[in-house]
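Below you'll find a set of structures to go through.
Next, two complexes with subunit A in common: one pairs it with subunit B, the other with subunit C.
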Partner chain A sequence: MQQDVTQGATTVLEYLAKPLKALQEWLSPVLPGDEWAAYLAFALYVLIIIGGALGAVLSRNLIRAMLGLVMTFLGVAGMYLLLASPFLAFMQLLIYVGAVCVLIFFAVMLTRNTDGGEESRLPSLGQLFYGALAFLAPLAVAGPFIVMHAGRQALETPKTESTASLGAGLLGSYVLPFELISIILLVAMAGAVYLAFRGYAPKRGGEKT
Partner chain B sequence: MELSNISVTGLIVLIVACLLVIALMVVNAIVMVYAERKGAGFIQRRPGPYEVGPWGILQPVVDSMKLLGKQIFVPSNVDFFLFFAAPVLAFFPVLILFLPIPFGPVLTALKVPDGIVLILAFAGFGLLANLLAGYASNNKYGILGAGRAVSQGVAYEIPMILALLAVVFQTGSMNLSEIAEAQGRWPWSWNIACQPLAFFIYLVTLVAETNRAPFDLPEGESELTAGFHTEYSGMGFALFFLAEYANMLLVSFVCATFFLGGYKGPFLDGFWWTFIKAYAVMCFIVWIRWTFPRVRFDQLLNINWKWLLPLSILNLWVTAVVLKIVGP
Partner chain C sequence: MTTLTFFLLASLLLLAFGIAGMITRRTLVGMLISVELMLNGAGLSIVAAYKSVPAADGALGQLAALFVMGLAAAEATLILAMLLVVQRRFGKVTARDISVLR
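Now for the complex of A and B:
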C-alpha cells in the first residue's frame, strides 16, 4: 500500500513540476547555462554576507551589530552548503549562532550597555587607521595566493566528503593542526579566566593586585 | 529527497512540506492547549474548561480568536526593529527543524546525512529569539528572563548533545532515517533498552530546553510575571506560544526517533507509530509540569553541571568502550 502511495505522490509531483520546468526551459537562453541556480544562490549569499557585515560595523547598538554578525554567519553557512559540505554549514550555525553569538549577547547584557557608549560615537582617525590595517592584513596574506592560483581550473562540481571521512581526516592526517587549534583555544580560555579573576583576588596588606 | 540533487520536484516537495509543517504546528498548538488545560484540571481535581462546546473542546479555538483580536501594545522606548524581529525569529526556524524528521519510511521531507546536526544548529535560533525578546522589551523582568534563558539553554544543550551522541555512536550515523531504521519492531529492541541513561538525560534536558516546568525559570510567573515575553501581546505573544509548542513537539519527535524506535512498532510500521510515541512524550511533559514544583535557579544549574554533564560523559565513554569491544 505504501508503494502505491509513493507512486501516486511522485506522479502528482511530476504533474505539478511541469509548468516550472517549462518556465525554466523558456528562460534558459537568458540564464547562464545549467548553473543558474548556483549563481543565484552565490549572489544571494554574498549579498547576505556583505549586508550582515555592514550592519555589524555600522550599527550604533551592540545588539543590532550582533544581529548583523548572525546574518553574516548565515551567509557563510550558505556558502558551505554551496560547496557541498552541509556538515560544515550546520556546524557553523551550531557553534557560531547557537553558542558564540549567545555568549556575546550574555556579555553585552552583563556589562552596562547605554546608548551613549563608545560604540555610538564616530571612530577617531587612529581607530580608522587600525581598522584599515586589520582589513588589509588578511588581504596581504591571501592576495598573493589568489593571484598565484588565478589561472587554475577549479573542479566542475564541489566534491562531497562524508562526515566519517572528515572525522578520520581530523584525527588522522590533519591531527597536528587540529591539536594546535585546541591549544589556541586553551590559551584564550586561560586568558579569559585570568582577566575575570584578577579583580576578585584577595588583597593582602595594601598590595596591588 | 537528497540534498545533493535539488530539482524542481524537490523544491515542490520542500514547499509542500513547509506548508504541512505549519498546519501541524497550528493543529498541535490547538490540541495541546486543550490537553494541557484539561490535564491540569484533572491533576488539580477541578473540571478544567467546560463552558465552550461539549467538554469545553472549543475553548482553544475561542482563545486563538481572542489572541488574534487583541491590540498589539508596544511599550515606550523599545528598539522597534528588535522588538518585532524576535517573535519572527522564534517562529520561522521551527519550519526547518521539522524537515529532517522521519515521520514514516517514505514520509520524510529532507533526507540529509547529518539530520540531527541540522536540528541542533537551527534550535539555537530559538534561544537567540528569547534573548532578543527579553532585551528589546525594555523591561527588567524581560532582561532577567533573557539572562536566565541563556544560562539555562547553553548549559542544558551540552548533556543533550552528549546523550544524542551516544545513540549516534551506536548507530554509526547522524541520519535520523537510518537511526530509526536501525531499531527493531518491539520495545526491547529500541534504543531505550540499551541506552536507558541517555534516554533519561535526554528526557530531563528536553524539558529544560523547551523552558517547561519544573525548569521554566525564564518565564517563572511567581518571580518574573512572564519573563522574556512579558511585554508581548496579541500576535507577538501568539508566535512565541506557537513556537514553544512546536519546539515541544520537535523534541518529542526527536526523542521518539532516537530512543523509541521512530516509525517502527508492533504489527505494522508507519507514521502512526511516530505520532503515538511523540504524543506520549508530550503527555509526559504536560504531566510533570503539573506534578513537580519549580526548582530554584542554583538548583537548576547544579543539576546540570554536577549531575547530568558527568553522567552523560560517563555514558558516552561506556558506549564507546563497549562498541570497541563488541564491534559496531
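Now for the complex of A and C:
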C-alpha cells in the first residue's frame, strides 16, 4: 500500500515536471532562487484572501458575504500551510469553515436577512466614506511601521512541529489556558441555550421576559 | 523585507477589511462576519510571528492561534443566541434600531 502511494506520487511529479520547469523559467526574472513556488503560492493565497474579503464586506446579499468569508478562511488555511503548520490549517477548515460558517448561516436564516433584506440597499455616501477611512486608517498607521521594522537578513525556513508536541503543550505547560477555554466554550453554549429558550418557557404568573 | 513582513501585511489587510465591514454593515449579522475576518487576521499574525522568530517556540504560536479559534467559536455561538433574542424583541437586527437596554 505504502509502495503504491509513493509510486503514484512519483508518477504525478514526473508528469508535472515539464510544465513546472517551464513555469519556473518563465518566472525566473521576477522570482529568483529556490523559493519561487512558495512565493507563487503566497501570491495566490493573498489573491484568494483579498477577493474573499471584498465579497464578505461589499456583497449586498449576506449569504454571498458568508461565501466570501469561506473563501478568506480557505486562503488563511493556505497561509498556515506555508507557515509549516498543517495541523492548524486543518483546524482552520474544521472550526471556521465547518462550525463558525454554519453558525453564521443559521444567524442569516433565523433573522430572515437573505436577499432583499436590510443589507440589500447600498450604504449611504457618508457610511461609505467612513468605511473607506476605516479601511485606510490601520493600513496607514501599522503598514509603514511593519515595513520599516522589517528584518534585513532572510529568516530560516519554519520547521514543522509534530502534532504530538502540540498535544503535550496543551496537557503540560499550558493546561490552565486549555481548561479555561473549555470553560468559556461551555459557558457560552449554556448562555446561548438559555438566551434562545428563555422566551419560550411556560409562563408561571411572572412577567414575560 | 523578510517573509514575516509579507505575512504581517496580509493579516493587516484582513484587519482593515474587518474594520471597514464593521462600519459599512447595517445588520448585526454583517458585523459578525466582519469580526470573524478580524479574528482570522489576528490568528495569522500570531502564527507568522512565532514561526519566523528563531528564538520563539513555534508550537506555542500554534497553541495561541488555536485559543483564538476557540474564542471565535464561543463568540459566534453567543452572538447567534443574542441575534435570536434581538430579532424576537425588535423584529429586526439592524444596529440603528436597537437603542433600548431594557
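Convention: the second predicted complex is superposed on the first by the 110 of 209 C-alpha atoms of A that agree within 3 Å, B and C clash if a C-alpha of one lies under 4 Å from a C-alpha of the other, contacts with A are read in each partner's own complex, and residues count from 1 in each chain.
Please note the rule applied: a residue touches a chain if its C-beta (ideal position, glycine included) is under 8 Å from a C-beta of that chain, and two chains touch if they have at least 3 such contacts.
Computed from a predicted structure; not experimentally measured.
Engineer: State whether A:Leu44 touches subunit B only (first), subunit C only (second), both chains, or neither.
Structural biologist: neither
Engineer: Is A:Phe106 touching anything from subunit B or subunit C once the two structures are fitted on A? First, second, both or neither.
Structural biologist: A:Phe106: touches subunit B and subunit C.
Engineer: Report for A:Met91: first if it touches subunit B alone, second if subunit C alone, otherwise both or neither.
Structural biologist: After superposition on chain A, A:Met91 lies in contact with both partners, subunit B and subunit C.
Engineer: Between subunit B (first) and subunit C (second), which does A:Ala65 come into contact with in this model arrangement: first, second, both, or neither?
Structural biologist: second
Engineer: For A:Tyr174, is the partner it touches subunit B (first), subunit C (second), both, or none of the two (neither)?
Structural biologist: Touch partner of A:Tyr174: subunit C, not subunit B.
Engineer: First (subunit B), second (subunit C), both or neither: which does A:Ala134 touch?
Structural biologist: In the superposed model, A:Ala134 contacts subunit C only, not subunit B.
Engineer: Any idea whether subunit B or subunit C touches more of subunit A?
Structural biologist: C
Engineer: Answer with first, second, both or neither: which of subunit B and subunit C does A:Leu185 touch in the superposed model?
Structural biologist: Second partner only, subunit C.
Engineer: Answer with first, second, both or neither: which of subunit B and subunit C does A:Gly143 touch in the superposed model?
Structural biologist: In the superposition, A:Gly143 touches subunit C alone.
Engineer: In the superposed view, which residues of subunit A touch subunit B and also subunit C?
Structural biologist: Common to the two interfaces on subunit A: residues 84, 87, 91-92, 99, 103, 106.
Engineer: Provide the residue numbers of subunit B that touch subunit A in the complex, in ascending order.
Structural biologist: Interface residues on subunit B, with respect to subunit A: 3-4, 6-9, 11-13, 79, 81-82, 85, 104-106, 112-114, 117-118, 120-125, 127-128, 131-132, 135-136, 143, 146-147, 150-151, 153-154, 157, 174, 270.
Engineer: For the complex, which residues does subunit C have touching subunit A?
Structural biologist: Going by the criterion above, the answer is residues 1-10, 12-17, 19-30, 32-34, 36-37, 40, 43-44, 47-48, 51-54, 58-60, 62-63, 65-67, 69-85, 87-88, 92-94.
Engineer: Taking the complex as given, what residues does subunit A use to touch subunit B?
Structural biologist: For this pair, the touching residues of subunit A are 2, 5-6, 9, 13-14, 16-17, 20-21, 24, 37, 61, 63-64, 67, 70, 84, 86-87, 90-94, 97-99, 101-103, 105-106, 109, 160, 162-163.
Engineer: Would you pull the subunit A residues touching subunit C in the complex into a rising list?
Structural biologist: 42, 45-46, 49-50, 53-54, 56-58, 62, 65-66, 69, 72-73, 76, 79-80, 83-85, 87-88, 91-92, 95-96, 99-100, 103-104, 106-108, 110-111, 113, 117-119, 123, 127-128, 130-139, 142-143, 146-147, 150-151, 153-156, 158-159, 161, 165-166, 169-170, 174, 177, 181, 184-185, 188-189, 191-196, 198-199
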